[in-house]
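One structure below.
Just so it is clear, A, B, C, D, E and F label the chains in written order, and each chain counts residues from 1 on its own.
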Amino acid sequence: MSKLTHLDEQGHAHMVDVSEKAVTTREARAYAEILMLPETLEMIVSGGHKKGDVLAVARIAGIQAAKRTSDLIPLCHPLMLTKVSVELVPDVEKSAICISTLCRLSGQTGVEMEALTAASVAALTLYDMCKAVDKGMVISEVKLIEKKGGKSGHWKIEG
Amino acid sequence: MSKLTHLDEQGHAHMVDVSEKAVTTREARAYAEILMLPETLEMIVSGGHKKGDVLAVARIAGIQAAKRTSDLIPLCHPLMLTKVSVELVPDVEKSAICISTLCRLSGQTGVEMEALTAASVAALTLYDMCKAVDKGMVISEVKLIEKKGGKSGHWKIEG
Amino acid sequence: MSKLTHLDEQGHAHMVDVSEKAVTTREARAYAEILMLPETLEMIVSGGHKKGDVLAVARIAGIQAAKRTSDLIPLCHPLMLTKVSVELVPDVEKSAICISTLCRLSGQTGVEMEALTAASVAALTLYDMCKAVDKGMVISEVKLIEKKGGKSGHWKIEG
Amino acid sequence: MSKLTHLDEQGHAHMVDVSEKAVTTREARAYAEILMLPETLEMIVSGGHKKGDVLAVARIAGIQAAKRTSDLIPLCHPLMLTKVSVELVPDVEKSAICISTLCRLSGQTGVEMEALTAASVAALTLYDMCKAVDKGMVISEVKLIEKKGGKSGHWKIEG
Amino acid sequence: MSKLTHLDEQGHAHMVDVSEKAVTTREARAYAEILMLPETLEMIVSGGHKKGDVLAVARIAGIQAAKRTSDLIPLCHPLMLTKVSVELVPDVEKSAICISTLCRLSGQTGVEMEALTAASVAALTLYDMCKAVDKGMVISEVKLIEKKGGKSGHWKIEG
Amino acid sequence: MSKLTHLDEQGHAHMVDVSEKAVTTREARAYAEILMLPETLEMIVSGGHKKGDVLAVARIAGIQAAKRTSDLIPLCHPLMLTKVSVELVPDVEKSAICISTLCRLSGQTGVEMEALTAASVAALTLYDMCKAVDKGMVISEVKLIEKKGGKSGHWKIEG
């Protein structure tokens, strides 16, 4: 197993040099879910377009957060995303909203952090909008699903 | 169960009016954990102060994210935190880093979102620093632990 | 007519001292409209909730912009808004979307700039989402409608 | 007339994929004007360099806002502007300050929103600096003047 | 000599708790200077209002930086400045521009960092605008001059 | 000596056009030092890893500030850094912490401002963390050390 790339030989944090990495199309998919009371889920999904804003606000927050990733995560490189999407799907069985994100760019570094940040912030935004009725919601399973492009190539979550 | 406060009668998102709420001391504690391979955890905790930067970077990122919450979460009120702390504790049994955050202020609205955002971003920062060796890490159990102050009073997670 | 308060005696810009101003409830309402082709307006309003995201995105962008006003307008004071709302109403006769904003806080300085910034950014966001089909849209009538609180008292637009 | 590109088939907002678009030189010119009382205009333009800061502050605010466009407008792509200019010309006949902006870059997406945002924020900054003497100022005619580069080619406002 | 307040007993960084500190008027004055070639200074000061923008841009950049201090300095508390001024005075003898800043607020924590950040960023902005003609400029003597208010009381630089 | 490039013929600030400049690897090294009481320096360096956070926080703040340079310095171009490092070395003889920064990217404009901003903000962050024990610290010798790449070629500080 290789060493932690974000620390130099003295164990000091630095922003890794990617100057020599190839510019390739890179893509990442991430996931998060927020578990809630059945009544909370019902409030979000019922009422048709009237409640549409709840999911729309979370979607927008996720997209904007992807763009601010290098500002939030100290050692992330700034980069220029060429696509971001955030999909929110209610899952009545799990009593959860499931969040799937996709980020893409043509650049020198991967976009895993952008996809993960979008998923996390979309989930936090749902928490914010529903916390008056359900403080016990839990955000879970925030994880990378797939990654393409770059030297390390294709990676996909197991199972 | 009351309705979603962040939507008006037409179902449109707005920033809730807190002008008339009392200025009281408010406090929130949140939690998150990031599960990883035992080898990854070993890399973070071994080596004494040399690896100290990994946890320090995550701690700082969490503190700064708390301050940017109203910029990230669309309907959050801007507020002036008077205290933020982020504690990171390795848990060898779980093969995880456990993150506990505390936010406090004297103001008109609660700081739950600030505490949750700090925990999430600290976890994402750990993911970023270790992703070169372990892409399968999972952030989990992001939740509010306790909340004090304000009209809704004291709330504590069950169990 | 008094002098420009944002310049000192040498004509140099500064951020005006409001340390001694009273903390009172302050409120401002602003307006903007964006004129477009009838076909463009039709695309936004038709289709029921499916197109709902267009107005929701503009609403969120306006709310977030209000919170960032002191970052955008160099001599604005930072302040803590306690309420923001952005209302978007299609006007078929004018072939326009009409935007009305309201900002409120309890503080030492007024919130006119916050209300005007929210209206402007909501309008720009509509332009962005529709520009692929209608580059000739025009944002117009960006103005303060009403202002309450503070030493200068109540002000309302004429006519 | 094509459909709204910023919504997917379900009517959900997303950041459009520009990964496959060509990198070309792109340029946009925008315009805005702010109408004011003749006395207000007189205060800005008189006094020679002493009042120079009013126009300088608006110019700087416009340039900085252009750089923050993707942060303000939710579905805008981040991009790296290679030139921004903001020109402010007093027009005594109209009793207005006329604002012309130009943005340029070599990239995968156009810079219309950057030019329009620069013009809007320069106008809002003028409002801020003069509002103590003239609350009735109106920002008007915020529009795209010209656009070059990219697949949709050259576009110029009519008339 | 007391211990470093920004570290807890384990040596971990945290944002100090100021919840219990009194709200008082607090003020800080800071200073910085940028030394340059006599020809560079001559270019800035000559030409009357034509070159006025150089000092105006630095002034605005300093004011805006003061407002962003808590975003830049990880352990600074967010606060609401009620006054900022940045004064730039050419000193032909020293061949330098001397920068004096003043920040004020009524709050629970001091504004030393805001005054120092304003001075530093004003100096960096001057460097940026003149670097094409003089890369050897040096920013020096960035220091706190005076501090009033708060528990630690009045402090003034010696000599 | 050429004229100030950041002003147009009327002396108005603008963001210089770099559209036609070549994309080359560019690099800059900068320096800053912060002078303090010997006791203050002793507090930072003693205690081994327990005090490690002080230097780690300053390092992270410097890295993050480099990424925000175009947001802080009004006429700087946005750019995508591919490497940032910030090194902090205690110098007992000088009773100072010496800060050396390095920024690199492949782009159309130089990274001098990014390296200088990183050094300044790292120094300000040290000031913040130690100000409770030593308000008289002075940041000094903020300067460019070396610059490579671009049309103006290699530049190195004299002496």
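The rule we apply is simple: contacts are C-beta pairs under 8 Å (C-beta built on N, C-alpha and C of every residue); 3 or more make two chains touch, one makes a residue touch a chain.
Values in this document were obtained by computation on a predicted structure and should not be read as measured data.
Fewest steps needed to get from chain B to chain E, stepping only to touching chains, is 1. Shared contact partners of chain D and chain E, listed by label, are C, F.
Put simply, chain A has to spin 180° for its C-alpha atoms to lie on chain E, with the angle rounded to a multiple of 5.
Under half of the residue numbers at the chain A-chain D interface are used by both copies of the sequence.
Computed centre separation for the pair chain C/chain D is 16 angstrom, with centres defined by C-alpha atoms. Centre to centre, using the average C-alpha position, chain B and chain C are separated by 31 Å. Looking at chain B, one finds that residues 12-13, 49, 52-53, 56-57, 59-61, 64, 68, 74-75, 79-80 touch two or more other chains.
A complete list of chain pairs in contact reads A-B, A-C, A-D, A-F, B-C, B-E, B-F, C-D, C-E, D-E, D-F, E-F. Residues 8, 12-19, 21, 70-71, 74-75, 77-80, 107-108 of chain A touch chain F in their complex. Those residues of chain A lying in contact with chain B across their complex are 1-7, 10-13, 32, 39-40, 43-44, 47, 49-54, 56-57, 60-61, 64-65, 68, 72-76, 112-113, 116-117, 120-121, 123-125, 127-133, 135-144, 147, 155, 157-158.
Residues 25, 56, 59-60, 63-64, 66-68, 79-87, 104-106 of chain D touch chain F in their complex. The touching residues of chain C, counted against chain A in their complex, run 48-49, 52-53, 56-57, 59-61, 64.
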